[in-house]
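In the two assemblies presented below, chain A is common to both, partnered first by chain B and then by chain C.
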Partner chain A sequence: MTDAGRHPRIKLMTLSEVEEVSGYIGNFRVKVRQRARYVNEKECTACAKCAEVCPVVVPDEFQQGFSSRKAAYIPHPQAVPSAYLIDMEHCLGNNPVACNKCMDACEKQCINLNMEDSQVELNVGAIIVATGMAVYDPTALDEYGYTRFENVVTTLEFERLICGSGPTDGHLVRPSDRQVPRRIGFIQCVGSRTQNRGNPYCSNVCCMNTVKDTLLIKEHYPDAEIYVFYMDLRAFGKGFEDLLNRSREAGVHYIRGLPGMVTEDAETRNLRLKVENTTTARLEEYDLDMVVLSVGLQPAEDLKSLASRLNLSQTSDGFVQESHPKLRPVDAPTPGIYFAGCVESPKDVKDSVTQAGAAAARSAILLNAGVVKSEAIKAVVDQARCTSCGVCARVCPYGAIRVDVKAKTGAQVITAACAGCGTCAAECRFDAITMQHFTDAQVLAQVDAALEEKPEEKVLAFLCNWCSYAGGDLAGTSRLKYPASTRFIRVMCSGRVDESFILRAFEKGAPVVLLSGCHIGDCHYISANHWTMRRADRMWDRLEEMGIRPERLQLEWISSAEGARFADVMRGLEEIRQKVTPQEIEQGKKAIAEYRSRKAKDAGKEKEAEPAEV
Partner chain B sequence: MEQKLKCLRCGYEYTARMEAKDIAAERVCPRCQSNSVRRLSSEKK
Partner chain C sequence: MVEGELRIGVFVCDCGLNIAGTVDTEEVRQFAEALPGVVVSVRAKYTCADPGQDEIRAQIREHRLNRVVVASCSPRLHEPTFRECVAEAGLNPYLLEMANIREHCSWVHSDSPEMATQKAKDVVKMAVARARYLQPGHETEIPVTDAALVIGGGVAGIQAALDLADAGHMVYLVEKQPSIGGLMAQLDKTFPTMDCSI
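Right, the complex of A and B next:
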């Protein structure tokens, strides 16, 4: 951190918050609010005289409340810049000036209690998001007594207690009586891998953190009795199994089972744990001096608002969604934005450093090149047809389309920012947008070809390139059987599937049409499949109005890992197909023809109602 | 808001709590796990 602070080409902006991000890869404009420090950081020598005279004492957040700090303080020993700041929430100098002692004590006159927040605008080419993480608050798990028993602490609190720069100078004591605990228990997976209270995922680092803690304790207090209560121990990294074995050899007891209850002896403040040891199938009790809750990791508190400002999507667990889990694991779906560390998923220091290096390299490649190589699949606006209605700009997950609805200047695609999902083209009612390489004419030609012979025996499926189509590939390579009646049309995103493609399929006699894409939240194009879903809702209503059974249009989200589900869905579609009668197909064709002529009459223009002939 | 839903795969009809933000949430039929779950307006069957 000190190196970064000293680097001539790195500008560290502490106490700062990103308020607004606009622009696109290579040309981002970022508005940053820099909160007032009330101390001139360039002049401050961190002499600590302000803190010495400051009369305000508050709990020290960095030391997890085990010690106190002043209102004039440095957040933690290695903080960069090494300068004091004033906690204005607690400072007596705030309103009205009642103290002023720090200002009198500061020889260099660095303190200015009237300093105000400032807003800075930056032009940057790439953005790396590295917000870190938060830890699970175990208050809800009352059976562990975290809020009731002083000697039940979290791993983060324990970390401060054994740290050389911690409140006890690294001497391990328990909070209630400041005595060295001789019997210590660690409870694993607190708030992790649970469906009810906490998070469903594994937090990745807790097992090895506990193993490390047990070795640290054993190093200083070889006689300490240590018990680790766990569901599964996950020691999968380089050298990790070795570390776990060392801990076992040092005499640490690993007990498979999570305690159901922790109680306290009111007099001694000792703790008693009840646990079902699942390897012996016995209910066991342990008397301990101190219990450490190995709390899981979760996304940083303000990640949601930052994600919306940066146009990032989040997975169901709240971490940000990468562009591709295997091939582009540090890239955001929005070009020019990269991830490092726990913002993407819980990870340890080594993995965070690895990812940070990759993110830095990805940005450096971009900035050094000075130009962006864009995908060939892009939206192109036909200005003659565009009415500047603004729908395309509203549905674009990348903010890659600009329209001045009032001035009616026509939609403009920012080519560098367009990822090519095709949602704009599908949503444009005026057919004013062409998706290069996935034009209406090209897709409709595929529909026609697929249904050229015996259409009544076919099921036509529109599959997105990244998930459903890959799911189909997996079904194939897994040798899974599904009916031969299915015909697939690959599109980059399910968001590309225009209503006219579906109507054309029914018009050509397809009994059943499938619309399939990535699961909601997993879309390769941030949130483009949300529009697929809205369109399906709209289409079901429209089909019903036309007298076509909505059941003939099916919607399924299939991931690239769901080969078995893919085959299953195809079998289900075949069952539906067999129930669609020839009369129904014919009636449907007529209804669509009537719908088209009605629409053409209403709009007064043939072009809009009739999809381009090929 | 209570929302009437119908699975277009197995025909199962049910109601679920759906807020405005849930419109874009993944819908899964509780009976057959299909995603072909249609929102029914109150007057529709």
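Right, the complex of A and C next:
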């Protein structure tokens, strides 16, 4: 911790949060809001005089509320930076200054109660997300009595009670009477591996954490009676089984069975629990002085908002989705962003350190290279067709197209700024924009090939590269089954899918067409999928006018983490397909042909959608 | 927009049994051979392995291929691999097209091998159809800002920041709380070494 605080190349920004991220791999622009500390961090010597005179006493969150701190405080003695701060929520007030005692006490005059929050803008090439996790709150599991019985504590509270720098200086006592507990029970899997009031996954660290805790107790009090109630013990890591054996040899009792209920003796405040011991197949009762709930880990509450700012997806359990679970486990699907620690999944200190090293190495590869290659997928304007109407410039999420609507000098693409979503090409009514590598001719050739034979048996889906196509990949790696009637066309963004692609599919006899992209707010091209949504709305109206059931065009948002949802959507499409009659398909074909000839007449020229081979 | 004659090579991957266990890859190979513009269609056990890649390069040279279709896994996995492979044989990397017959086919349709083979043929046909219209592309190089942002100052964030800074890069370590250390700082000892957390 101190190394990070004094490293010449690390700029430490505490009380700070990322507010906005823009840009792309190699060139991110980040806005960080730094909350006021009210103490000059560089000048403060942590002499503690401000805290001595501060009259406000509040529970100390670092000590899990077992002791108190002042409104002028330092989080803990080893804090980095080693500087006090003012908890303005509890300070008696600074406008006007109501108390001022801390300012008078500070010899170096480093307290400034009028300090304001500041915003800093950073330019970085790589981002590592290491925001950690939250600890499961066992309040909902009322049968364990966490909120009713003082001597039922969580593992994190236990850590403070046995820690040398804790509120009791490392003398383990139970909360109700500050007596040393002689009989201690640990209940495992609290909030983990359950379909009911908790999380379905294993939290990875709790078994070994309890093994460690039992040894700590035995060090303090060798004659303590310790019982661990578990469903499975997962001691899978290097040196873990040894540690578990040490705990067993020290006399800790491991009992396979999770207690159904904890009750309290109102007088002694002792606890009694009943458990079905599944190794002896007997109902057993235990009288204990203290019960520790071995709580699991879960995603932090504010991860969702950070994920949306960084364009990250979350898996069904809420942790962030990596680019590939096996081959790119520390890369985010968004290039240039990497993960370290529990934000990716629950893990112990060693695994966190290992993953942090990997994330640092992945970032260093990028930073050392000094350049990043940008794919040759850019918009190109055909000036002969461009009418300078300005639609492309309006829909471009990157402001990468400039059009002088008055001078009518034609749209100009700023190639370096173009990210290649293709929304402009789809929205241009004059077909004046070609999206390299995803041209009309290329995509239409795929549509035609997919529907050349027995189109009535097929479902055609346009999938965006980053989310929906990746969701399909995840369905594959997860070996989920869905109907084989499905045919996919990959585009970089759902915004690329031209109306003409969809009409062509119906014209060729597709019973059902799917348009699929990232969830709204998660688009990898900022907001391009808003245009997808508007286009789909327009298409539904148009299809209805033509007498084609709008249900035959489906719109679904599928993230890269939603393999199961991908398979569900595919099954749903197949169901719809089976309800589309051959007559309907034929009618639709005719309607589109009529629509095309009418449009050609209106425009006074034939719009040839045939992929012409030049 | 093809200069001269279209000469497409198709490479169908077995991926051991990952694809060949469900899809009749030989049938797909023969089907591909008959598609317009295809001059050679080859099957390999593992196209991404060295022998598979050597085969692609050899066929490009032998048949003067100007388009390559690899029918194997997801382009999100191996498109960079095969782009590099064809580039080594002198073909512009944007003249490569992939047909995903693993993640989007064999792995999800293993309960209906015949349908899966039919789908694989369509997927290859679509890729060949698209390949006919592929154009060479030229990548641009964008400079990278030599600095990193680490969000979160727990054990993982601290370690990542230290490693990157020691490697010579500027690091901004952003922490929401007034001190770094995260949850780890609240632990007494840590397993399996039973030493101090801080």
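The rule is simple: the second predicted complex is superposed on the first by the 369 of 614 C-alpha atoms of A that agree within 3 Å, B and C clash if a C-alpha of one lies under 4 Å from a C-alpha of the other, contacts with A are read in each partner's own complex, and residues count from 1 in each chain.
We take it that a contact is a pair of C-beta atoms (placed from the backbone, for glycine too) under 8 Å apart; a residue touches a chain by one contact, two chains touch by 3 or more.
What you are looking at is a predicted structure, and each value in this text was computed from that prediction instead of being measured.
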(request) Could you tell me if A:Val372 is touching chain B, chain C, both of them or neither one (first, second, both, neither)? (result) second
(message) Looking at A:Leu555, would you say it contacts chain B, chain C, both, or neither? Reply first, second, both or neither.
(response) first
(request) Would you sort A:Ser203 into first (chain B), second (chain C), both or neither based on which partner it touches? (result) neither
(request) Could you look at A:Gly521 and tell me whether it touches chain B, chain C, both or neither (first, second, both, neither)? (result) first
(request) See if chain A has more residues touched by chain B or by chain C, and give me that chain. (result) C
(message) If we overlay the two complexes on their shared chain A, which of chain B and chain C does A:Ser500 touch? Say first, second, both or neither.
(response) neither
(message) Just checking: does A:Asp537 make contact with chain B only, chain C only, both, or neither of them? Give me first, second, both or neither.
(response) first
(request) Pick one for A:Gln298: touches chain B only (first), chain C only (second), both, or neither. (result) neither
(message) According to the stated criteria, A:Asn151 is in contact with first (chain B), second (chain C), both, or neither; which is it?
(response) neither
(message) I'd like to check the shared interface: which positions of chain A are touched by both chain B and chain C across the two complexes?
(response) none
(message) Looking at the complex, which residues from chain B come into contact with chain A?
(response) 8-9, 23-27, 34-36, 38-39, 44
(request) Enumerate the contact residues on chain A facing chain B in the complex. (result) 519-521, 527, 530, 533-534, 536-537, 540, 544, 550-551, 553-557, 572, 576
(request) Enumerate the contact residues on chain C facing chain A in the complex. (result) 1-2, 74-77, 94, 100, 102-105, 107-112, 115-116, 118-119, 122-123, 125-130, 132-135, 137-194, 197-198
